[in-house]
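A short write-up of the structure that comes next.
Note that the chains are named A, B and C in the order they appear, and that numbering of residues resets to 1 at the start of each chain.
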Amino acid sequence: MILSERNTLFRLILIDKLLIGILRAGAMLAALVMLLILFFLVDESWPVLSKLSIVRFIDDASWHPLEGAYNLMPMLSGTVLTSVGALLLTIPLSLASALFIVFYAPIHLATLYKRLIELLSGIPSVVFGFWGLTTLVPLINQWNPPGASLLAAILVLTMMILPTVTLTAYTALAAVPEELLRNAAALGLSRWGMIKGVALPAAKTGIAAGIILAAARALGETMAVLMVAGNVVQYPETLFDPVRTLAANIALETAYAMGDHRAVLFVSGLLLMLLVMVLSGMAGLLEKQRHA
Amino acid sequence: MPKNLQLLLAYWFFIIIGIACTSSLQAQTKAATQRLVLTGSSTIAPLVGEIARRFESLYPGVRIDVQTGGSARGIHDVRKGIAAIGMVSRALKADEADLHAFVIAQDGVSIIVHADNPVRTLSREQIAGIYTGRITRWNVVGGADARITVVNKAEGRSTLELFLDYLQLKNSEIKPHIIIGDNAQGIKTVLGNPHAIGYVSIGAVEFEAQRGAPIRLLSLDGVEASVENVRQDIFPLSRSLNLVTSNEPHGWVQQFIEFARSSQVHDLVRAQYFVPVNTD
Amino acid sequence: MRETMPIHTWQVLRDRIVQFLIYASVLLISAVFIWILADLVRGGFAHLSWEFLTESPRDAGRAGGIASILVSTLLILLVAVLTAVPIAWTTAILLAEFVAVDSAFGKAVRFSLHVLAGVPSIVFGLFGNAFFSVYLGLGFSILSGGLTLACMLLPILASTAEAGLRTVPNAYRMSASALGLTRTAALVHLILPAAAPVLAAGLLLGIGRALAETAALLFTSGYVDRMPDSLLDSGRALALHIFDLSMNVPGGDMPAYASALVLVSLLLCINILAMKFAHGLQRRKIMT
């Protein structure tokens, strides 16, 4: 590796040792933050975790914390359904956008469109939520009441993560070596043949990493979903049924919760963090594959 | 030592010293000015925020921080000593007799529907039927042939407790279609859905209705839902908005509570569409 | 079908279909987003005025402006950036320059940053509430909000800075070594200046994320919409103000639109700046 070479490149003298000391302290602090977060989540949820068996969170009749019923599963399903739904919509749309920028659009249009997407990636989720609340929900309501629904949450989430996935896919596609594409063209492949046979496989891992990143954001998104999802704790039967996600539940009830109720909300925070850790573990595996 | 590294070190020192300074400065300002912390009901918080602003302009030495978090939180924080005064938007319960409550205003809670909804009145049984899912269509209770969208409040809100108490129901028996946090969200939901039914503070609805929002309050038990009927204490679903303390109030706490109950703030109370109390 | 048709015709047809689909989705996306932006501008522009930016909110935000909200937002941002930047950048320098990729320490730090990057903001909010507000006794304050955001910014700042440092050509380090510079001197005089545009772009990216944040501040910096006197006062951030106006204040839609417009324009400026820096870097790379 180049890096081990870097270590032999310079002689270590006092000032360097001092610097390394400072750097190490900073890095330790950064690593400590994660442990601190885990510790406090576990500590705050301990009153409930030590008292109730885990089964209660899966097996209770419903989520009515003030009546002692702590079933988190409907909200877990809400979280997963909204995220998966948003990803199913986002992936084809953002792939199309990225391909449009790299392969299809004339240069001016491509720059313009990329600017638009970059602009959108900067719009805060609360603004999407606000727009969803005032425009999208009434629209869906006219179609199939009550409006605030799984569908509304999926659409708002899609708008939120679409720019991220598009931009990472664009970066990955733009990084595909020009020679590969020229060779493909020289072989007489059509444009789609070249994209499908050469560009997409070469950019595969980069695109996947972007999707996983977006999935983590979708799982954890709080305010936008809270504003449009209806927040009824239930397993939705159709796209038009309201749902509540774990993150929205925390935001909705923490300010009003005390004692066991508060502790259970920390449990749901812990659950959410574990979900995301599994996802980043997957991303790590992908990274390894790319380097291997 | 290279200059930039010195800069880096200086930067670190600056931060540490900065944090130390602000905290010691804070300790000093704390001694100089008196701070009152109020937590609790989100129904009362906007009103108390306005009252606090006026109080501060009269007594510049006091700072009043108003945080929302529901009536239960107000009671909890006052008991723990985190807040000097709690805001509770219902009467105190039997197990809360250790606290002192001071009514600053009256408010009613009533059923709301969209103005296009032809239904004018619902009996207590009909409301209970709608909220428990036994009645699912408006034509059963004399309305249009459409599905009813039931709007309920999230767990921990005292409006929910009051409403459940009125209907003699438990929250787990209710079959909602939308769960909302606060009054405005409820009003917005009903505005955007002609077939929705919800319950919110009368004050909040009258405020919106004055601005031309197509929304209607339904009468309860034959009594029209209005600020006037709440004032006359004949509306069945009314509540008092309280400030609570753990001990007999004294000093600034006492002064603030007296101010919040005095006629000096009646215009603020009316501006939020609550009913002022007559103390003087 | 493929067998019965000449390969060439099929390919042309397939390319046409794909092209149509791609143009259709691009059109759809553009239309939806222009719809949102137009809605924001139409709803907020009428309410926007100089007074809106310079007055404090009155009547729970229905009247008055957002001056105190802007001040609180800036203070929260300042605390977050001043705390996160030194920690994140030292971490990045260590990871990129001093530690081998496969060392246990480097792996552990990188892994925790990786996890941190994925932690949902509401979980940061829960942690900030439990640790800064309650355990450290900072209460609902700008300080606890800013420190919570700092934890959130750490991975963003660290990973962009590390990536930036890695783009600095290795020749720089070799020449510095050949000239007999210490590692510190090489770092301070050569490598950091070379990576500066990326560091700046990463910083702006982080500021953008912090400015847009709502959930992490819900339980840490609080709801108080007055002009803050000190860092221990509660202060409401702009994004939270939009949330509160649209959800909890009857008749708050107009100021909510206007505040959203202000927030989006602020973020737009920051994004453009960040892009400028990133662009500057690319040009430099081409020149060297």
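Methods note: a contact is a pair of C-beta atoms (placed from the backbone, for glycine too) under 8 Å apart; a residue touches a chain by one contact, two chains touch by 3 or more.
It should be emphasised that the depicted structure is a prediction, and the values quoted were computed from it without experimental measurement.
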Chain contact graph, described as a line, ring, star, complete graph or other shape: complete
Maximum inter-chain contact count - chain pair: A-C
Distance between the centres, which are taken as Cα means, of chain C and chain B, whole angstrom: 33
Cα-centroid distance, chain A relative to chain C, in whole angstrom: 15
Junction residues of chain B - those touching two or more other chains: 5, 8, 12, 68, 181
Chain A: positions in contact with at least two other chains: 15, 19, 22, 133, 255
Residues of chain C whose C-beta touches two or more other chains: 86, 184, 247
Chain A-facing residues of chain C, complex: 11-12, 14-15, 18-19, 21-23, 25-26, 28-30, 32-33, 36, 39-40, 86-91, 93-95, 97-102, 105, 108-109, 111-127, 129-131, 135, 151, 154, 158, 170, 173-174, 176-177, 181-184, 186-187, 208, 211-215, 218-219, 239-240, 242-243, 246-247, 253, 256, 260, 263-264, 267-268, 270-271, 275
For the chain A and chain C complex, residues of the former touching the latter: 1-4, 6-7, 9-13, 15-16, 19-20, 22-31, 33-37, 40-41, 43-44, 92-93, 96-97, 99-100, 104-105, 113, 116, 118-131, 133-135, 159, 162, 190-193, 213, 216, 219-223, 227, 247, 250-251, 254-255, 265-266, 269, 272-273, 276-277, 279-280, 283-284
Contact footprint of chain A on chain B as seen in their complex: 1, 5, 8-9, 12, 68-70, 72-73, 76, 146-147, 149, 152, 154-157, 170-172, 176-181, 188-189, 192-193, 195-196
Interfacial residue positions of chain B with respect to chain C in the complex: 2, 4-5, 8, 11-12, 15, 18, 22-23, 25-26, 29, 37, 42, 45-46, 49-50, 53, 63, 65-68, 181-185, 187, 204, 207-208, 211, 271
Residues of chain A touching chain B in the complex: 15, 19, 22, 61-62, 64-67, 69, 133, 137-138, 141, 145-148, 230-233, 242, 244, 252-253, 255-258, 261
